[in-house]
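All remarks here apply to the structure that follows.
Think of it as A, B, C, D, E, F, G, H, I and J in the order they're written, each chain with its own count starting at 1.
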Amino acid sequence: MLFHVEMEVRLPHDMPAEKADALKKTERERAHELQASGAWRHLWRVAGRYANVSVFDVSGAEELHQILSTLPLFPFMAISVTPLCRHPSSIREDDR
Amino acid sequence: MLFHVEMEVRLPHDMPAEKADALKKTERERAHELQASGAWRHLWRVAGRYANVSVFDVSGAEELHQILSTLPLFPFMAISVTPLCRHPSSIREDDR
Amino acid sequence: MLFHVEMEVRLPHDMPAEKADALKKTERERAHELQASGAWRHLWRVAGRYANVSVFDVSGAEELHQILSTLPLFPFMAISVTPLCRHPSSIREDDR
Amino acid sequence: MLFHVEMEVRLPHDMPAEKADALKKTERERAHELQASGAWRHLWRVAGRYANVSVFDVSGAEELHQILSTLPLFPFMAISVTPLCRHPSSIREDDR
Amino acid sequence: MLFHVEMEVRLPHDMPAEKADALKKTERERAHELQASGAWRHLWRVAGRYANVSVFDVSGAEELHQILSTLPLFPFMAISVTPLCRHPSSIREDDR
Amino acid sequence: MLFHVEMEVRLPHDMPAEKADALKKTERERAHELQASGAWRHLWRVAGRYANVSVFDVSGAEELHQILSTLPLFPFMAISVTPLCRHPSSIREDDR
Amino acid sequence: MLFHVEMEVRLPHDMPAEKADALKKTERERAHELQASGAWRHLWRVAGRYANVSVFDVSGAEELHQILSTLPLFPFMAISVTPLCRHPSSIREDDR
Amino acid sequence: MLFHVEMEVRLPHDMPAEKADALKKTERERAHELQASGAWRHLWRVAGRYANVSVFDVSGAEELHQILSTLPLFPFMAISVTPLCRHPSSIREDDR
Amino acid sequence: MLFHVEMEVRLPHDMPAEKADALKKTERERAHELQASGAWRHLWRVAGRYANVSVFDVSGAEELHQILSTLPLFPFMAISVTPLCRHPSSIREDDR
Amino acid sequence: MLFHVEMEVRLPHDMPAEKADALKKTERERAHELQASGAWRHLWRVAGRYANVSVFDVSGAEELHQILSTLPLFPFMAISVTPLCRHPSSIREDDR
């Protein structure tokens, strides 16, 4: 099942640079894993903002929440979730 | 270049059913063509709403506007456009 | 899978009373069927507004959209959908 | 009487982990008690956010406020309350 | 139980004057009855707008909805409802 | 003259408990005085939020501002003011 | 007493030109009278919009509403009212 | 003096095509004149919407309003105006 | 040229009282000077809020920005600017 | 390709003056370079706010993001990006 997810990151200005760097590094590693597994199907940067637009392919809301809520940057992100379904005009096999 | 586009359709309640059906039919045909050509890269239905989330892969804003503004349903849609770029954590070759 | 759905009905003021009554009657019948089948798990009226708060228990976004988009009042409703999941503090067996 | 309540938790980033853990633990215990007593009738997690959607079954606004305002996380939550009533199309006996 | 209710009236511009006058007349009569019975406890005009701020004293959300949804102007009003309770600093006996 | 006033209190999370308690105590005493004098005509708690809905009966905007801006919690409140006038359908003598 | 008032005019597109002209003419005459009497103290056009910013000097909300609600364009205006009072840093005698 | 202006066009769906075409034609001619005279300094299409972003170079708000309010499409546009001034970091001579 | 300006002051809660007092004192002196010079034409307090509504009479956006951005409280204010022009129905000579 | 960009700067009130000055200085130098190279095509100050309206002329969203995300003030700015294209009524050769 597909979910459209927007994430905007807001790091506190007084977070030490090392802590921010460590968070971003583990976030990146986790993103790699989740893309490799197929759960994080698309990941794009929003031009000009510390934000992304993503599409997740998961078994349901439970798995989605488990993934999002354990991202290292989760406490610093504003997240909005929109459930998607196949569009009747779509011609792509896997845009389910 | 990738653009994230959200379209919400609002047909006037007094539009005759035949006109609405004709519009939707030509819209669908146009969507098929644009997906086949690669310009309309992703097309998903937003669950519970007469709306879609799309990703377009075009040469720039000029081509995007040419496409969107000539869609049969364009006069009846609220459209928002967000330019995307490659995310540094993306591992997909073509999520450029 | 559970979805939280808010629906607000906005009938055009110039809709003939018979048409409105017929729509509401078939909407009610459909709501009865969907509740009986278990898909429309909860249905509450929002006090003071022609609106409801509902919880749907469906296989996924596809089934949810199929249900919502075929409701007789769908063309006259503003709908917002929020995917739910089990709360770690819930003690009810079936609030999955 | 039923109330629809949405709660979003915003813990300050500089709250010590032990204090946050203690707050969450007492919050969970209180949620268990209130569900057991029947006052906190439904409790769902909103997918992707540190937030919940709940339905309370209480004697009135007074009891609702007494409950919400004494939750351990109350000072850190944005709360919105919507009074519900029985929907004329509901077929569930106890969705009063 | 007390509810704070804001109502904003939006009559269609093409409603015949006689129909508007008849609606307003029956609305006024209904408002008189409900004030006399004690259910419509306060009724104020918002300066400069075709809107009112009201406080209702009813048995619960069910009675409130029954009252509001049968007002003659209900189909033409945007209504927002806020449940109230006694303020700990109130000194008025009946501001329950 | 009547003013509808909504106040939402937002105390900084790092305010020492004694300071918060002292502020609330003087706020309560001031509220008692202003209710006794007739200036603070109604005071209700908004269910589920650290907020109130009030009606003030004062000589004008000058007196209203003098009262509100000297409340002990004023620096910590978001306040919105709406001027009221007698509703043509009101039957209460003193809902001027 | 001073009130800050913003008015935005929205004439229906299908209003006959003669009716619109007649409304605007009587609106202008009424504006002249109210400025001459001192009640409509300031009247400015908002650049680029069919809207104005005004300051009224009236005895209270009652008189303000009586004036605004009888303006010929009242049914076609979105109006917002803000009560003003003397600013402690003002040096103008009559900016009361 | 420079003003940043955003215009969004909303033609009524029932406007006859000839009337719409005539309006657009005279709008285009007027836009040409105003660009030639230097008053309409920049004019861009917003990608995906029937809207533009413009910069006007006029003697002041009076001239700006005179220009905007006499555009043929003015009754069908939502317009927002932002006054600009020279940016201290600008290196362009004429971005005054 | 006239500009309508709204300013809302938000002092950080942890600003030392002496610093706040000093800022307010120099702000008041600057306001006196600017009113005396004619640039700050009107200055009103918004009832119930630490905010003002003002009208400035300046040579253009450049002078307006120079004035506003050098106010002592500028870093602590949310400011919105609206350009005004003479209203065709105005009868005051100097409401230019 | 042209992008319309609005940037609003929000420096933390407790940032040391030297750090703020250093950031602004390098920001200014970077702005000079980018204007000189042609990428930052227009740069205007929004009157009364610590904000700018800009137009960038870049190869695409990738270059735009590379530029914006490396501005010294990027962590302290709220940025919104709108893709532009040539307006059919434009007569300027280079407003592409």
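The rule we apply is simple: a residue touches a chain if its C-beta (ideal position, glycine included) is under 8 Å from a C-beta of that chain, and two chains touch if they have at least 3 such contacts.
Since we're looking at a predicted model, the values are computed, not measured.
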Moving step by step through touching chains, the smallest count that connects subunit C to subunit G is 2
For subunit G and subunit I, the touch-path distance in steps comes out at 1
Both-way neighbours, i.e. chains that touch subunit H and touch subunit B: J
If CA atoms of subunit I are superposed on subunit J, the rotation in degrees (nearest 5) amounts to 70
Quick one: which of I-J, B-H or E-F reuses the G-I interface, over half of the residue-numbered contact pairs in common? E-F
Most distant chain from subunit A by Cα centroid: G
Is the contact between subunit G and subunit H built from the same residue numbers on each copy (over half shared) or from different ones (under half shared)? different
Here the gap between subunit D and subunit E, centre to centre from mean Cα coordinates and rounded to Å, is 28
Subunit A and subunit B have mean C-alpha positions lying a whole-number Å distance apart equal to 22
Set of subunit C residues in contact with two or more other chains: 2-3, 45, 47-48, 61-62, 64-65, 81-86
Touching pairs among all chains present in the structure: A-B, A-C, A-D, A-J, B-C, B-H, B-J, C-D, C-E, D-E, D-F, E-F, E-G, F-G, F-I, G-H, G-I, H-I, H-J, I-J
Touching subunit H in the complex: which residues of subunit G? 11, 13-14, 45, 47-50
Give every residue of subunit H touching subunit I within the complex, in rising order. 1-3, 60-62, 64-65, 81-86
Within the complex, which stretch of subunit I touches subunit J? 3, 5, 12, 15, 61-62, 64-65, 68-69, 75-76, 79-81
Quick one: which bits of subunit H touch subunit J in the complex? Just the residue numbers, please. 2, 4, 27-28, 31-32, 35-36, 42-48, 52-53, 55, 82-92, 95
